[in-house]
Structures are given as structure tokens and as C-alpha cells.
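Following: one structure in C-alpha cells, then a few remarks.
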Amino acid sequence: MEPCLTQQEISTAYTLVRQQTEHLVSRLSPEDCQIQSMPDASPTKWHLAHTTWFFETFVLLKYQPSYNTVNEHYAVLFNSYYNAIGAQYSRPKRGLLSRPALSEIKEYRTKVDESMTAFINQLDDGSPVLKLIQLGLNHEQQHQELILTDIKHALSQNPMFPPLLEHYEHQNKITSALSWHEFEGGLVTAGATQDGFSFDNERPQHKVFIPPFKLANRTVTNGEFLEFINDGGYKNSQHWLSDGWAFIQSEGILNPLYWKNKSGQWFRFTLSGLQALNINEPVCHISFFEANAYASWAGKRLPTEFEWEFATTQNKQHETAFNDRVLEPPIIEDRNLSSLFGGVWEWSNSSYLAYPGFKPFEGDAGEYNGKFMSGQFVLRGGSCFTPPGHIRSSYRNFFYPHQRWQMSGMRLAEDLT
Amino acid sequence: MEPCLTQQEISTAYTLVRQQTEHLVSRLSPEDCQIQSMPDASPTKWHLAHTTWFFETFVLLKYQPSYNTVNEHYAVLFNSYYNAIGAQYSRPKRGLLSRPALSEIKEYRTKVDESMTAFINQLDDGSPVLKLIQLGLNHEQQHQELILTDIKHALSQNPMFPPLLEHYEHQNKITSALSWHEFEGGLVTAGATQDGFSFDNERPQHKVFIPPFKLANRTVTNGEFLEFINDGGYKNSQHWLSDGWAFIQSEGILNPLYWKNKSGQWFRFTLSGLQALNINEPVCHISFFEANAYASWAGKRLPTEFEWEFATTQNKQHETAFNDRVLEPPIIEDRNLSSLFGGVWEWSNSSYLAYPGFKPFEGDAGEYNGKFMSGQFVLRGGSCFTPPGHIRSSYRNFFYPHQRWQMSGMRLAEDLT
Amino acid sequence: MEPCLTQQEISTAYTLVRQQTEHLVSRLSPEDCQIQSMPDASPTKWHLAHTTWFFETFVLLKYQPSYNTVNEHYAVLFNSYYNAIGAQYSRPKRGLLSRPALSEIKEYRTKVDESMTAFINQLDDGSPVLKLIQLGLNHEQQHQELILTDIKHALSQNPMFPPLLEHYEHQNKITSALSWHEFEGGLVTAGATQDGFSFDNERPQHKVFIPPFKLANRTVTNGEFLEFINDGGYKNSQHWLSDGWAFIQSEGILNPLYWKNKSGQWFRFTLSGLQALNINEPVCHISFFEANAYASWAGKRLPTEFEWEFATTQNKQHETAFNDRVLEPPIIEDRNLSSLFGGVWEWSNSSYLAYPGFKPFEGDAGEYNGKFMSGQFVLRGGSCFTPPGHIRSSYRNFFYPHQRWQMSGMRLAEDLT
Amino acid sequence: MEPCLTQQEISTAYTLVRQQTEHLVSRLSPEDCQIQSMPDASPTKWHLAHTTWFFETFVLLKYQPSYNTVNEHYAVLFNSYYNAIGAQYSRPKRGLLSRPALSEIKEYRTKVDESMTAFINQLDDGSPVLKLIQLGLNHEQQHQELILTDIKHALSQNPMFPPLLEHYEHQNKITSALSWHEFEGGLVTAGATQDGFSFDNERPQHKVFIPPFKLANRTVTNGEFLEFINDGGYKNSQHWLSDGWAFIQSEGILNPLYWKNKSGQWFRFTLSGLQALNINEPVCHISFFEANAYASWAGKRLPTEFEWEFATTQNKQHETAFNDRVLEPPIIEDRNLSSLFGGVWEWSNSSYLAYPGFKPFEGDAGEYNGKFMSGQFVLRGGSCFTPPGHIRSSYRNFFYPHQRWQMSGMRLAEDLT
């Protein structure tokens, strides 16, 4: 997304992003929007309301004196984790809120949109509130991706494997051969510039020393990952981190999330239902632990987040235009360093920590990113679920090393010595 | 319910019971019907489907050769616990089945009703299948009560305390004074006769020796229970069973389920939302542990199930006509032995065990009652949630001693010496 | 044990019982006495101290004004569950008390024994305190059995399967054939008489109606139970109570506790280490769930506790003299109704509930038995671990239906019609 | 420890380190050595055996052909986590192994020491096995510290708060005022040199860019931490990481581990029993979450591990000579940058990850450090429990952010801008 500092740009973006969200959920029934399949995920309905609550709470109730809240209960029901704002409804119970109904939440969105549109129209170019709204739009885009990953997880619980979309045929594409790109590294600059929007955790720009390294031209495929499985990868502790081994043992994990083996044939649950596994597609829905074990088995390692970011100086091309009728990772046929953006999120072996000189957002939104800086690993790149305009070199996604329901894959790296 | 052995009676009953179920859920949205607030409870939608699956599985698929199942997946999705029939979808996850939609389940009901009606019309009076259908109807009536208790629990999770019904005003009724009825007891007969429908666990009739005892004329009220609370009843281990004390400590329980204290005023969640506590109403939503502790505090005890059943020889009057606009227990003004039927379920201090000579239902329905005979206590009488025609002297309801979401209250008893 | 109302009898019994306890633990190291293998069990050291605390707390500190407690901390550390006495150290953490050392607890025993002996010598025949001391001795005898079951469980956790005793050879005894004894039943009297010691839960004597029944001449053997296993008994839900099936599934139970299969050969952990399974021995260490499933598979049922008690009018012979060098259940060769006492505890299908007119012990010891009256089943008869003089017709042992570390077996019964 | 590549040096070191271990446990009873208070900790007895198993397994059984194992069971019982070696006894159950007795484990140590001494005497200077033995000695030194932290935790479970040592009086020492040392940073070298022993995770040396920063002259004191508590630090989510807030909420944590408030007075459990809190002592037994929250409250931050290591170029002085009669952190009176070594371990805000070019130890010992590289944070410096010769600038200790039973404290840092 380009820098949005004029009232006009924000006004246009507001309309666009809010419509994208509603388009995304247009295929879902009230029942689909209700269900929450695990504490990590939220019901679609809750995402729709929470992103609206963000604008109501941080913009309208702070800066529009004449604004009256739509429903006082929503302050608690749709607050995610902002302790400074007040109490929150228990996260694992979000799926129990049958009221408000989906239709009422759509009315809530409409009312807030009307107030927001009128409010934005009064603002002057360069108003600091425009930055807050820009943050709210980026926040909503993050939830667009979560709406997709969460409903995918929810529908996967249903033994009927209901499809949301028609199945997309890859038309016999074949992935490119694995090759390596060499980088000298050195003392380089990482982090977001002041141009354009970035989250607080991408800043400030700072120096990092990177030793020479090699990076694979593309992400690991289902076919390659299958070799790891067939070589006993999930049954041999040798390649696993201690916590990873304990995790797959206690959960009985023997393959990536959503994979099913039926009489020797591999299938995979997708938003188009259960489909035969395509060995040319990037492997997806693996945890950091699985990514790390695969890399160890392959005699390589995962890249650091700074190696990955440094490599994007060579190729900033997005692999995919986001296409909500083709919600599976694309097959990479290009032999150059490619697929850095928009295929699958790529696990780095960097912990999610503050950059030197990190300053959280000011005000109540300051709880946005900083409070999650323990125990998580950084993912880079963006996925085919990531909305248009929401991918950039400096973007830091982060999840716990056991989490698998995001569109998470991997790319190999190696020391260059 | 009177004995239903003619084809005509079963045909009429079938239509009536099925319509009652649909009437009960007419106030609920698709979202309401979706949610499951705990593993003990099921979504309304699941109850609607499961009761239908019962007729499809045990009647149509067994005895109607031309019948084709509506959807093969339903055999797994809507089987509750009948291992002889096959696999079951995980009980705690029933709330995750957004598909089939409520509308599809209503279609399922319609299709099965059409087939059932046609099938019943072909049967001869006295056909053994009529007994199976009668069992299915009694089964559905049990689920009618569960639909109400489960949705009450589900809505109670919502901090908005949404009402389903208009609030019913008791119009200043005052409960009768507590008095005692004496019974000589002796060697008496307990259990269901061969007349009319009864479950396998109510049979056979058998002899029981009952020593002389006294029974309270009515159930314990909210006001009386409040005295127990105000006397520190929940904070003094003295009156509690060991398991009960551990239970209330670990759960932090300080009052009956659904009670809320706001600035010193007591309220109670009902199907009409949060309402001020009426001290004249019977206490309800207490566990066996709480009932037993109250009785100990009061210097009395709970009756055995046989004492209770024996007492009904004195009064078989139903306190309430079931009224689905007044879904709260009635205030008892009568000074005689009363409220035995249809106010609140009354905890006995009898474990739920087989009667001497117990024989389970024949066939696959044999898993109905017998397999639950460990760890539970018997409740007697029926509640204001119990559908018409489903209450009788010999009826044995049973729940675990910690469970509280049923319409469970208590009546005091004492040895007569 | 005969009635102990003279000062002399209690004095003699006191010395005897206390010595028996110390003899029992003479084979154990300080480390053995320290360990607690599960919350249900206690360290030997704790048993030694708790039984001593019982005399100190309920006798010396109440009735001997000049007595000073040995250590003030012991009031908390060695109180089991007597809330009326005060706080208790967390039960699952008893194994963490390395201090006091075993040697200090032996000193504690010596000091309390000296005070008790002097105190008893001052008492008059018929003093009410003599009854309290008698209760304390019966309490200690219960803990003698628990010392054996708990250390057996603790040592079973050690992959070296350390033996405490030399192995006892049964010398090719062969169990008698299964036969049936018929009983007319009727209105009979159950419960303890006023003669001799009995616990509160065995009283009062009361009338019970028993329909005609048959009882097996002996308990079920390992060989018979093996047939159940080999017939898929643990893999077929048909014969299991619902809670039992859930229990064996979640715990992965496929055989009685302490059985091990090595390359097709069955072994069993005993106090003499791992030994080949003797098919003539009574089956032992089974839960109520397993006993009930076996009975269902065999087309029989478990007896009620009243049937069992009624049957003892035919044979009050103890099968075994307690012999602490032969701590395995004896093989029954007698073809009459036998082995009712002292082989294995026999699961009844009666819940552990109060008899009509039940009154707990007076005073602080009133918490002894009554507070456990929910969720447990009664076992009758006594085992080869039960100390001499502690077995009688009216004795009611009780455990939860899943518990298996006691010497629990089973005998079949059937309706006589 | 100096580089130990001559046979003579290793021989001397072997004797010394093994004796130190035995000296450390000389105050403990067999019961003390038996207990395990949590899965994170191990019984003293197990530490004594495991460190011996290390030499037996990795040295004697590999390189001394005539050696026969002392007991075949020990291969399983005393393997910690080396999957390449074979199966392991369940970690949380280590406290259940009453056999072998403490005396048998001391015999095991003696036998292995005899074999090791004879074996070392045959080795040539420079033999690669000497490096393995050196690793084993450093491994045993790590367990020396764990023996102390684990027994401290175990004894803290005892409400008698038993002391192991006489109380040490600090003689009215007063901590120095807080002051700041400024560092320019830049592109610097981190990690262990090739001289002397270092663990694989300290290597290789590599370049790191450090922006300018300030570091406190000393660690935070109990008195300073008390101000945080008194200012509501544990009750205000604002300063806490999200995982940290969830942790202290679910565990009910309101102060550092081992602190007790009695009627307004603060005490602290030490190896000398419960002692009044000395506000001049360094705060200790805090989790990373608490350290991070304190730093946020103080408007500062924790240092990175590289900042800390860089600062040691200014002062390599050890604060304390290890003194096993004074096992509490020393009060720092020096106003210079001090207490970097040997007071308390200092939490850094660096995740425990591999250095660029990291290579695990070769052979079976390769599981030593690398498999723990997820979810943990680095601590630097060493504590008063760390044995002599086991502290250095490059040493990386690591624990999960919630763990508190180690001697973990903190030092403040700040950006210099």
C-alpha cells in the first residue's frame, strides 16, 4: 500500500478494504460464520465485528464527539486483547456468542461505515487521525487473512469436508528444479523505511551483519516433503528440536496439517474440499518444528529473517495476484529466485523480538505488536491468502513454533563458506 | 402417555411429538441452533437431527426395505453413543458442524416424517415396530427437555443475557409453609407396571423394604437456600461430601448455577433473561452435592428414590400443565404434599443402578439406559421443562452428582423413629 | 476383633497392632518409604506418621492434659482429610516431605506409643476413650493394608521390578471347578450387630429384601479372565459401562493392572517381583468396570453387597491366615462356597451409600466414612493383604469404579428365576 | 577452566570435579536425595547417577573394550534425553525410583571412578577422548548447579522450611547506588575463542553489530523490586508480555519465587531456611517475564546477550569466590561496572538460537545443546551456585521465560541515542 496521508486516499482505501472483507464472507452461511474450531481461531462473525470495533473504539469514540456507540456490550464482546481499553470476553468462548446474529453484525458494520465515511470526509490532509485509520485498515487486512485460515480450519473439522470454492486445476504445471542463489551479505540495513505504511515491529531501520549465505530459488514442495515422510522423518527424533519432538509425539502428528492418507493415496483438505495432493505445489500448513526438522534432514537450515529480507533486494516480484477464486499456493515454474512473495509464508529461524530502538505505536493501539515478543518465530513473504497491497519486504508475521493452521511453508538456506 | 399399541394412536402421537419439537425451536435463530456451550450439552440443531436419525436408523432402515437414507454422512454425524450402530462424531465437537445448515436439517426432518407417516400407515395394530416407534417418541420427548436446558446454558454464556421469552410475572404468589408428611413404609412394590410405556430402567416391578419416614410437603425454595448461603454454607466443608467439597473448591462455586449477585442483589438467568431472584420459587439448577449439603445443614436428608415413589401414591396430581411461555418452576401454594410432578426434578440419594431382574431393551436400542449405571444419582418427578405426557411415578432421571444445568431441585426427608 | 472394652484388652491390642505395622515396613529402605507413585497412594512414611497422628490428635491432645505434641508441624503434615481438625498438607505432594526423616518418624511413633501406653494404663474398663482407641487401632489396620497396596504400586513403577519378598510357590494347586449356590433370599437383616467393633458405615442393622439368587462357589481366576481378554473383551464396547469404556480407551488399558505380556507370555508384578501368571489364582487388581464387563461377557452379573453378606451365613471360614511372607491371593481348591474372606476383595454392584438410619461417629472422627458416600462401589470380603482380625461379614470397603491398585477381584452371581 | 589437553590435567580435574559433587551432597539424607518436586527438576540421586552414566556411556563403553557395565538397567534409568543412545525412563517419574538406593549409587560412582581413573592414566596427551572427558566434567559442573537449585525447590515444598546450611549474615553491607556505563558498540566479535573449553553453542566466533547502549553498574536489588510490587506491578497488565501476563494470572503469581509475606513482613526461602528479605541483595528467582515487566516499569529494557558479553571486556572480575557455605547472592558494594560474574544469572532479551555457522558436538553427545533452540531465552554471567572454573564471558545459559527456580536475576540496559 502506498503512503496514505491524504484524506482522499484514506477515504478510497477505507471503502475498498471494507468491501473486500464483505466480499470474502459472501460465500458463508450464518452457521459457518458462528463456529470457532479452536482457541487460536475466531468465528468469522467475530472478525467482522472486531475489525469494526477497532474503528469505533480508536477513531469514532475518541475523535468524533457526537458519535454514540451502536451497542454498549460490543465494547467487551469485540475487544481482542487491549487491556488498556477494558475487559474482554473470553477468547476460547467467542464461538458461543449466537447473539448478535450475523445480520446484526452486518448492520453494525454499515452503521460504523456511515459514521467513518462522514468522519473521514471532514479530516484535513495530514491529520494524525488518518494514520490511525490507515492502521485500522492494515489491521482489517490482517483479519482478512485470518478469516480465510480460520474458516479453513473450522470446515476441516467436518467429516463431509465441505467445499467453499470450485476446485482450481493447475493444468499440469511442473515446479522448477531446486537451485541456489549466493549472497555475500555483510553489514546491511534491515527494517522498514519511513515511506509508506509499516507496523511498529518493522521499525526502526537498523544495521545487521549477515555472513555469506545461499538461498534456495523456491520453496519446498509437497513432493519433496513426501520424501521426508517416506524416509521416516516423523518417526526419528534425530532431526527434531526437543520441543518439536515432544509436540508431534503428544499430538500424534505424522504429516502436515490437512493431509489425509486414504489407502495409500495422499489427499489434502482445501477450501475446495478434499483434493488429491499435488506434488508440485509448495508444502503448506507445517509448523516451525516440521520446517526445521525437514531442513535438518535435508542437511540445510532455515534462513534468518534478515537473510530473507536481504534476498528480496534481488526480486520484489509478487508471484501471485491475489485471487479469491484460487486460494491455493501457486506452482513455481520460474528458475530464478522467485516465489518470495505471495505463495506461502516462509518460516525463518529468527525469534520474533524487538528491533534495536523499537518503539510501540503511541496511544491505546500500542498494545498492537510488542506484547507478543516471546516464544514466537518470524515468518516472511506473505501467502496466497494475503490480501493485495499487504505484502512487503519488511513485513514480519509471527506465530508459535507449533502452530500450523496458517499458510506456512518453508525455503532452505545454507552457510556459504 | 397412555399405552400406544394401535397404529392410529402411534400415528397421532408421532405427528404431535414431532410438531412439539419444531414449535420449541421456532424462537431460535440459525446461530442459536449452532452453538454448544459444553460437552454435556448439544446444539439445538444436533438434537433436531439426532431424534430424526433415531427413527431413520432404528425404524426405516431396518423395516422399510425401499427406504434410502437422506445423507450417508448423517449415520456418523448424528449417532450419539450407539456403538452397535457404528462410529460417532466426537461429542464435544458437535458445535463445529456448520454443515448441514439448520434449513437442511429441517428438510431432513420433513423427509423422514413423510417416510415415517407412510410407513406407520401400513403397520397393523400390535405390530412390534409400533413399540419401537413409541420408544422413539419418548426419546424425542427427552430431547425436548434437553433442547431447553442446553439452549438455556448456551445463552447464559452471553454477557448480554439474551431473553427467548417474555418475562412471566408470578403475581405475588407466596409459597406454602414447610410441613411434613409421615409414611409407615414397609415391604412395598416399586417400578413400572406393564401398562403404558416405560423405559427399561423402570422395570421390573420389585419389592423394596422402606423404613418409616417423613417427607416435606414441598421442594426447598430460593429463600430457604439463601439462608444456607448466608450462613456460610458454601464456605464450610462440614456439610459437604468429600467429592462435593473438592468440586466447589476447584470450580469456585458459591451459589446455584445461573445466580448472579450484583451489588448485594441476587439475580438469576432464565429463558426470559436476567431476572431478580424470587425467594418463593423452588430452588433450581443445584447439583446433588449442593442438595446434599443443604440437607445436612438443615439437619435432614434427601429421600431415596423409593421413598419418593412411594409418596406419589398419596398425590399423583401434576403441579403444572406444561406451558412453553412460562418456563420457570411454579410457586407452590398448596399446603398438602404437592409439587411432586412438574416443578423441578428432585435429587434422591439413590444411585442410578439396575433394578433386580433388569433386562435392557432388545436389539440395537439396548444401549439406551443400562450402560450409564455407574456414578450417577436418580432424580424423580419431572420439571416445568418436561413435555406433557412424559411424567410418571416410576420415571428415573439420572445425572452425575456435579451436574447443574438440568432443572434440578430438592425436597427434604427424615427418618421417622 | 473381639469387643475391646476392658482396659487390658485395648492395652494388649494397642501393642500388637502397632508392632504389626512396624514389622510390615521392616523390609523397606528410607527411599522406599519416601516415594508416592500417584495421588491415590501415600508414602509408607506418611502412613506411619498419620496413624500415629490419629492417636496423638484424637486421644492424647484431647484427653491427656499433660501431653505436649512432638512437633507442631505434624498437625498439618499428617492430617489426612479431617477439616474439623484444621489445615492439611496437599495430598498429591506427600511424597515431597523428605523431612521428617524415616528415623524421626520412628521416634515419633515411639514417643506417642510411650504416652499412649501410660495413658491407657490409667483408664477404667468401659471408659468411652477406650472405644476411640479401638477405632484408632482399626484405622491403623486399614492403613496396614494400604501400606502394602501403595508400596506395591510404587515399586511397580520401577523397570527393575524390585522384589520385597522371596517368591512363594503354589506347589501345583489347581482351582476347584465353578459351581453355583442357590439362595432363597427374602426379607433379611443386614449390617453389623452391636457386638464387637464395627465402623459407622456398617450400621445400623436394617431390613433388606433380597430376591432369589445364585452365587458362584469361588472367585474368578486369572485363567478365566484370560479367556475374556482372548475373546476381545477389552476391544468390544458391548460389555462395558459407558464410563468404563471411556476409561479404558483414554488410559489404553488392555489387561488387569500389573499384567505384562512379553513375547506372548503373561507375567504379573507381585511383591516378589515379576512372576509368570498362574491361571489358577484369583484374578486381582481389576477395576469395577473390568469386573462388570467380565460378568456381562460371561452372561452373569456381580452380586449386590447384601447378597454377598447374606451368603456368609453359610460359611464364615477365613480362607487364609494372614501371612506376610505369602502376599498373593490363595488358590481355592475347596468345591463348597468358599473364599468369601481373605483372598481378594470382591466388587459388588452396590453403590457405597448410607444405610437407613446411618449416624456418623460422634466428635471429630465423624468425618471418618460418611463424607465419601458418592461415586464409589462397595467391595466385600477382605484380601490376603488384610491384617488378622480385621475381616468380618458386615465390613464395607469402598473404592471408585476405575481404581485398580487394591487387591480387588470378583465373584459371579445370577438371578434365580 | 584452563584448556585440559594433557592427560595429567584431565586426571586432576576428574578427581576434583567428582569430589566437589560428592561434597555438595554430603549434607543431604537418603530421603532428601530421593525427592523430585516438579518435572523440571531431578532428584539429587538421579543427578549423581546421570553424571556417572555420562562417563560410563560416552567414554568407558565406547573406548574401554574390557569394561562391563555396572547394571544394565542404568542405561535406561539414567539416560536424560539422548535418543541416539536409547530409551529413557520418564522424566517426571524420576522421583519414583527408590531403587537403586543412594548407597548403591555411591557405589556406582566409585566403580566408574576407578575405571575412569585407570582409563585416563592410559591415555596419551592430546588424545581426542580427553576432550570428551572434559565435556563430561563440564556437564557434571552444570549438574552441580542443578543439584543446588533442585534441592532448594524440593525443600521449599516443605512447610517446615528445613535449612541445609547455617544462615550467613551479610553484616550490614549496603548495595552501591545505581549508575550507568556507556558503550559505543559497533561491529564486534562475539562467541568463544578456540582457547580453553567451551560448549558448542558458544561457537563459532562471529561478527555482530551493536548500536550504542548503556548498562547498569549492578543487578537490580530486592529493595528495587519491592517498589515494583508496591506500585502494583503484578496487577497491571501494561508492563507485561502477553504470555507473561497469562502466566502470572493462571499461576496466581504476585512476587518472586520463594518470597513469603507474613503479616506485612517479607521473607524468602533460602538454603538456610526462611529468612527476612534483605533489600540490599540482588533480586533472584524471577522469570524472564518478571524481569521484562520490571524493566518496562522502570522505563528501561533488558540487555541483549551480545551487549552483556561486550560489556565484560571492561571487567572480567568474578564477584564471588564460590563458597558452599554462603549460598546466597552477594551484596554489591562496588560502584564500578561489577557483579557481571557469579552473583545471579542475568536474563538477556535474546532468544537462545544458533550462532551463524553453529556445529553441534560430533558423535552421540551432539544432542547436547542444539536441540533446545526454540522458545528459550539466554541468561549470562553465572551465579553464586555456579561451581568454580565454570564461568566465562561467552557462556550461554538458557531457560524458558516462565522458569524461576534457577538463580535468575536481572540488570537494566537502555539505548544510547
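By written order: A, B, C and D. Residues from 1 in each chain.
Everything that follows uses one rule, which is that a contact is a pair of C-beta atoms (placed from the backbone, for glycine too) under 8 Å apart; a residue touches a chain by one contact, two chains touch by 3 or more.
Source: prediction; values computed, not measured.
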{"item": "Centroid-based (C-alpha) most distant chain relative to chain C", "value": "A"}
{"item": "Inter-chain centre distance, chain A versus chain B - centres from mean C-alpha coordinates, in Å", "value": "46"}
{"item": "Whole-Å gap separating chain B and chain D, where each centre is the average of the chain's CA atoms", "value": "59"}
{"item": "For chain A paired with chain D, centre-to-centre distance based on mean C-alpha positions, whole Å", "value": "38"}
{"item": "Numbers and ranges of chain B residues touching at least 2 other chains", "value": "none"}
{"item": "Contact graph of the chains (line, ring, star, complete, other)", "value": "ring"}
{"item": "Contact set on chain B toward chain A in their complex", "value": "29-35, 37, 45, 73, 76-77, 89, 93, 95-99, 101-102, 154-155, 157-160, 162"}
{"item": "Residue ranges of chain C touching chain B (in the complex, touch as defined)", "value": "81, 83-84, 187, 206-209, 211, 237-238, 240-245, 288-289, 292, 349-351, 353-354, 356-357, 371-375, 377, 401, 415, 417"}
